[in-house]
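Below you'll find the structures, each written out as structure tokens.
What follows is a pair of complexes built around chain A, which joins chain B in one and chain C in the other.
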Partner chain A sequence: MKKESSMSLRRRKETAVAAAVFLVPALLVIAVFVIYPILQSFITSGYEWNGYSSNKSFIGLANWAELLKDKVFWNAFKNNLLVMVLSIVIQMPIGLALATFLDKVGRKGNVCKVIWFIPMLMSSVAIGYLFRYALDANTGFVTAISKFFGGGTVDLLGNTGTVLITCIFIIAWQFIPFYMVYYLAGYSGLPSDVHEAAMVDGATESQYFWQISLPLLKPTIKSAVVLSIVGSLKYFDLVYVLTNGGPSHASELMATYMYSNAFSSYRMGYASAIASGMFLLISVIAIVTMRVLNGKED
Partner chain B sequence: MTGKKKGLKLSSIVIGVLVVFWFLVCMIPFFFLIMCTLKEQFELMNNGVFSMPEGLYLQNYIDVFTGGIWKYFFNSVIVMAVSLVLLLALSALAAYPLSRWTFRLNKPIYSLIVACMSVPIHVTLLPIFMMSVRTGMYDSIWALIGPYVAFNLPISVFILTTFMATIPRDLEEAAKIDGCSLYGIFWRVMLPLVKPGLATLVIYDGVNIWNEFSFALTLTQTAGNRTLPLAVQEFQGQYSMNIPMIMTVLCISILPMVIVFIFGQEKLIKGMMAGAVKG
Partner chain C sequence: MRKMKKLAAGSLAACMFLLTACGGTKDAAADPGVSEGAGETAAAGDKIPLTLWHIQTGTMNDVIQASVDRFVAENPQYDVTVVEKQNDSYKSDLSLAINAGTLPDVFITWGGQTMYDYIDEGLIYDITDLMKEDGYADSFVDAGIAQCSYNGSIYAVPVENISVAGIFYNKDVFAKYNLQEPSTIAELEAVCDTLVSNGVAPFALANSTQWTGSMYFQYLATRYGGLEPFADAAAGEGSFENDAFVYAGKTIQDWVNKKYFCDGFNGMDDDSGQARMLFYSGNAAMDLMGSWFVSTIAGENQQFLDDDKLGFFPFPALDGSEADPSLCLGTIGDNLYCVSASSKDPEGAFHLIQSLLDDEAQTERTANGKIIPLKSFSSDNEVVNEVLDTVNSASGIQLWYDQYLPAEVAEVHKQTSQEIFGLTMTPEEANAELQSAMTSYLNK
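== the complex of A and B ==
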């Protein structure tokens, strides 16, 4: 007995050493490029600094006080919330409908699957430029359609009233394929005999969808909602290329506001405060959502 | 059979309309894009967006290919290749003990790595920018590799850990009895078995890295050191009003991923599925 336990102790030690060897490289990378920068963001938020000079003065919580009163930031946050809500409302049902169709037709739908997926393969920059020109007030196709019916030029991206909603639709165009595949994955995880059993019992396809597959897909839908929330709140690339937050902050998001503070106004300290604020807001909203979604279950 | 027919009334019409509508919504911008690339600058302005190109005008493509796009292309390829090699190595190493061995810190380390999946990159953007300036890596493609590896690592470890958990342990047990060390088992037994998982990662992470914009924009400055997603921006500065030319750059930068997708479709979707199961 004693011999055995000393052997298992040795085995355990050996495993621990090997585990360290295997895990340290990955943990090191995460520590350097994820954890340290998060801490650094909070530290830099306490300074007044332009990002390159050696003149870096500690100003305590002044940046945070300014952030709390900054109308542009809170307006950007409000825009982020609107993107978040409308992304869920637009993307989830369409993504689910497309996935349902693909799941039903199986291999025959491969052409659709490839074409529907293409927006997801494009970089946000490419999509941004594509739509910037497609919606251009002079040469874009919305203007062309309007002119065809005798209207004037339409500048969806240059108008403070329409710019944000236009961005939201383009974001939907970009991400619907992602949720489509996501739900498709959810479908593939469902037991295949359930469908047959339901059909044998005389259920119609729509009864099957509403009463059986939708409840079974609940976990997938929940995590898609969480993903969409986190994604919407940190959104950057496409809006940066399309409008850079303009005109007059109408499409400003937290991330674009942070970026212009850092690299146009050279206010590194304040930009770090925005970044840290973003981190806190996103974490709180994500945790609350997960609590609410998981709490509903029982 | 009759049950099927009954259900195919209203819902199938709605779905049919949606299918066709979405097909058009996806295709029209691309149609616009490709039509644009075949037009001469003033042809677009004079004839409008909906006109067909007057002839097969390929000068845009010729101009873009001789106008320095190769530099961006090679930068993108190098960044992607180096990042992928590191990513595969680090995530395979990390996933193995996490999926196989019992040790006290297994759960906490796994949770930490998985939690990193939802960290918004913009919180780390400025500190990483400052770090790259301090270490003298700023404005070189090498500055991109660290963040690319770090931000794709959590999902990669997650996908591989799930993948390895499905592989039966028999072969490893046999190797252990033959006196193979833990390291030897990983290298000679596990790695060959996990190849399909690694292929999924290559495609899934490859697309992400190829299209990455925020870090590339922030950490590089000179045209010669930038990656393909930024080429559009640079060309825009150069040909600001020449829309067909910019559309051609877009078209060329999308092409490699479309080709990869057509061949690696199943793998990519499998990767997303593994990500989707995380719940």
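== the complex of A and C ==
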């Protein structure tokens, strides 16, 4: 009896050692490449610093005070929220619909699967350039269509009223394939006997989708929503290439604003305050979302 | 099934579109890749590595590469890597390199406050002695050397170009509507009205880039008030709310309302040449641009020059203004080549810069429409000579605001000038915002 308990104790100890050995490398990497930069951003946000000069002057919370009053930043945050909401509203249903379609048709849909996945394979920079030309107000395809029907030129990217929504559609074009594949993976995890059982019990395909496969996909959908939220709030690359936040900050996102402060205006301290502010905002939103989603489950 | 076919056809079309687009980017990216690759293979044993960053495009890449190849052939102890940087992200690249301590041996700046900041930071090597050797500095135009100097020392070589902004126009379009080169702003507006009524956009402008539109603002302010309003405002003795800047903003908005600029200008980007396509095709008649425009066209559309379509006139005078109408907006040197203070072989790096202006390079540069800031420079290109005349008769040169001003104020200037163009701010609001940025910078 005694012997056994000391055995289990030793075993537990050994497990702990093994766990530590396996975890330390990952922890080190995270500490160096994630935790340290985050802390460093918070520290830098207390300085007036141009990013390369050797004299940094400590100004306390002045950058944060400026950030709270900065209309451009809050407008960028609002833009991020719009990107977030519309990304979920547009990308999730279409991605799910495509995945459902591909799941139904099986192998016959392989060609579609490959073609639909192509936008995901392109880099955001290439997509940005592609759409910059494709949407050109004088030579782009939207203008060409409008002219064909007797209309005038259509300026989607140079117009403060349309630029953000245009970016959102391009982002959707880019990311729908990702969610398609994500849901397809979710479908492949569903046991096939459930489908058979439902059919034997006389369910229609639409009943099966709404009553059975959708609830079973819930965990997949939840994680997709969280991914989409975090992705939208820190979105940067395509918008940077396509519009650089312009014209007149109309498509400015928090990340593009941070970038232009850090590397065009050479205000590294203020940019760090923006980065830290983003970190706080995104964390809060992500945590609240996860709470809400998980709370429903109980 | 029918639906699927449609979908498939649609996606297929999209695909082909993508493929062609990808092909394009790849080609453009190939050049620097090749030169870097060549550098790597040559890296042998104890050669001294030198890295050079430049932002030239088109055929000028080849000219620079040829200069470097000659340099390496004569000085086989060096292994030179040439990196072609993109203009609009260059400042970010530089700041990242400074942070990482990987500043290349030779890099360019545009002068002005940003270069002075780098010098104060000890990032740029003092090349005064090297420049004075054999009177090398004396071969350059004085204004060029002045722009490369700070506190009595020389820190850069004005290699690229005498760049002043002026109005380039398509001669065919002017001939078609029987238009003459305007010499006053009122005449310019008359020309624009004629063009608009004929369905031609007067100005090609790609203002997503911001500095492009900012040149209109700068010229109009200079024509209204001369050099003083800006110099005073930048020194903290005047204000950007001065009448000159109000006039500039109001005129621009008036022109925007009269459709003087091509459709979609605020969404177009200069690096990707969207506005120039309109200019080449005759759908836009004029382009206010720096004189590097000649070499941009030479690299992009030589046919346009061969057909003698390109004309030039200085920015017109403002009636009733006392400001000297010969004042030019621009830079003598354009890209100033600096040697990094951290270079292991600053002298070698300096000689590398010199190779960019060796005899052969001078011939090639001249052929590419460059106006080299050397006293001995001459050209048989008509447009180039017109630009040169404009510079030589100028009583002063206003350095681009966005290079003269410290980076953070320059960004605000570019942003507010875009807001003026987009009609999203009144000139008064825009100028007040610029002034507050200037004040907060000066108060630091």
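In this section, the second predicted complex is superposed on the first by the 271 of 298 C-alpha atoms of A that agree within 3 Å, B and C clash if a C-alpha of one lies under 4 Å from a C-alpha of the other, contacts with A are read in each partner's own complex, and residues count from 1 in each chain.
The criterion applied here is as follows: a contact is a pair of C-beta atoms (placed from the backbone, for glycine too) under 8 Å apart; a residue touches a chain by one contact, two chains touch by 3 or more.
If you're wondering where the values come from, they're calculated on a predicted model, not measured in any experiment.
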| item | value |
| --- | --- |
| Partner chain in contact with A:Gln211 - chain B first, chain C second, else both or neither | neither |
| Partner chain in contact with A:Ala271 - chain B first, chain C second, else both or neither | first |
| Touched partner set for A:Gly51, first chain B, second chain C, both or neither | both |
| First, second, both or neither for A:Ile115, with chain B first and chain C second | both |
| First, second, both or neither for A:Phe263, with chain B first and chain C second | both |
| Contacts of A:Thr139 with chain B and chain C, given as first, second, both or neither | both |
| Touching partner for A:Ser8 - first (chain B), second (chain C), both, neither | neither |
| More chain A residues in contact [chain B versus chain C] | B |
| Partner chain in contact with A:Asp155 - chain B first, chain C second, else both or neither | second |
| Where chain A meets both chain C and chain B, residue numbers | 51-52, 112, 115-116, 118, 122, 126, 129-130, 133-134, 136, 139, 259, 262-263 |
| In the complex, chain C residues that touch chain A | 4, 7-8, 11-12, 14-15, 17-18, 21-22, 25, 91-92, 95-96, 98-99, 117-118, 121, 123, 207-208, 210, 262-269, 272, 274, 277-278, 283, 406-408, 410-412, 415, 418-419, 421-422, 424-425, 444 |
| Parts of chain B lying in touch with chain A, wherever the complex brings them together | 3-4, 6-8, 10-12, 14-15, 18-19, 22-23, 25-27, 29-30, 32-33, 36, 44-45, 48-50, 89-91, 93-94, 96-98, 101-106, 109, 112-113, 116, 118-131, 133, 146-147, 149-151, 153-154, 157, 182-183, 186, 207, 210-214, 218, 228-230, 232-233, 236, 243, 246-247, 250, 253-254, 257-258, 261-262, 265, 269, 272-273, 276-279 |
| Contacting residues of chain A [partner chain C, same complex] | 48, 50-54, 111-112, 115-116, 118, 122, 126, 129-130, 132-139, 152-153, 155-160, 163, 243-244, 246-250, 259-260, 262-267 |
| Chain B partner contacts - residues on chain A that touch it in the complex | 12, 14-16, 18-19, 21-23, 25-27, 29-30, 32-34, 36-38, 40-41, 44, 51-52, 94, 97-98, 100-101, 112-119, 121-126, 129-131, 133-134, 136, 139-141, 144, 173, 176, 178, 181-182, 184-186, 188-189, 199, 202-209, 219-220, 222-223, 230, 233-234, 236-237, 255, 258-259, 262-263, 268, 271-272, 275-276, 278-279, 282, 286 |
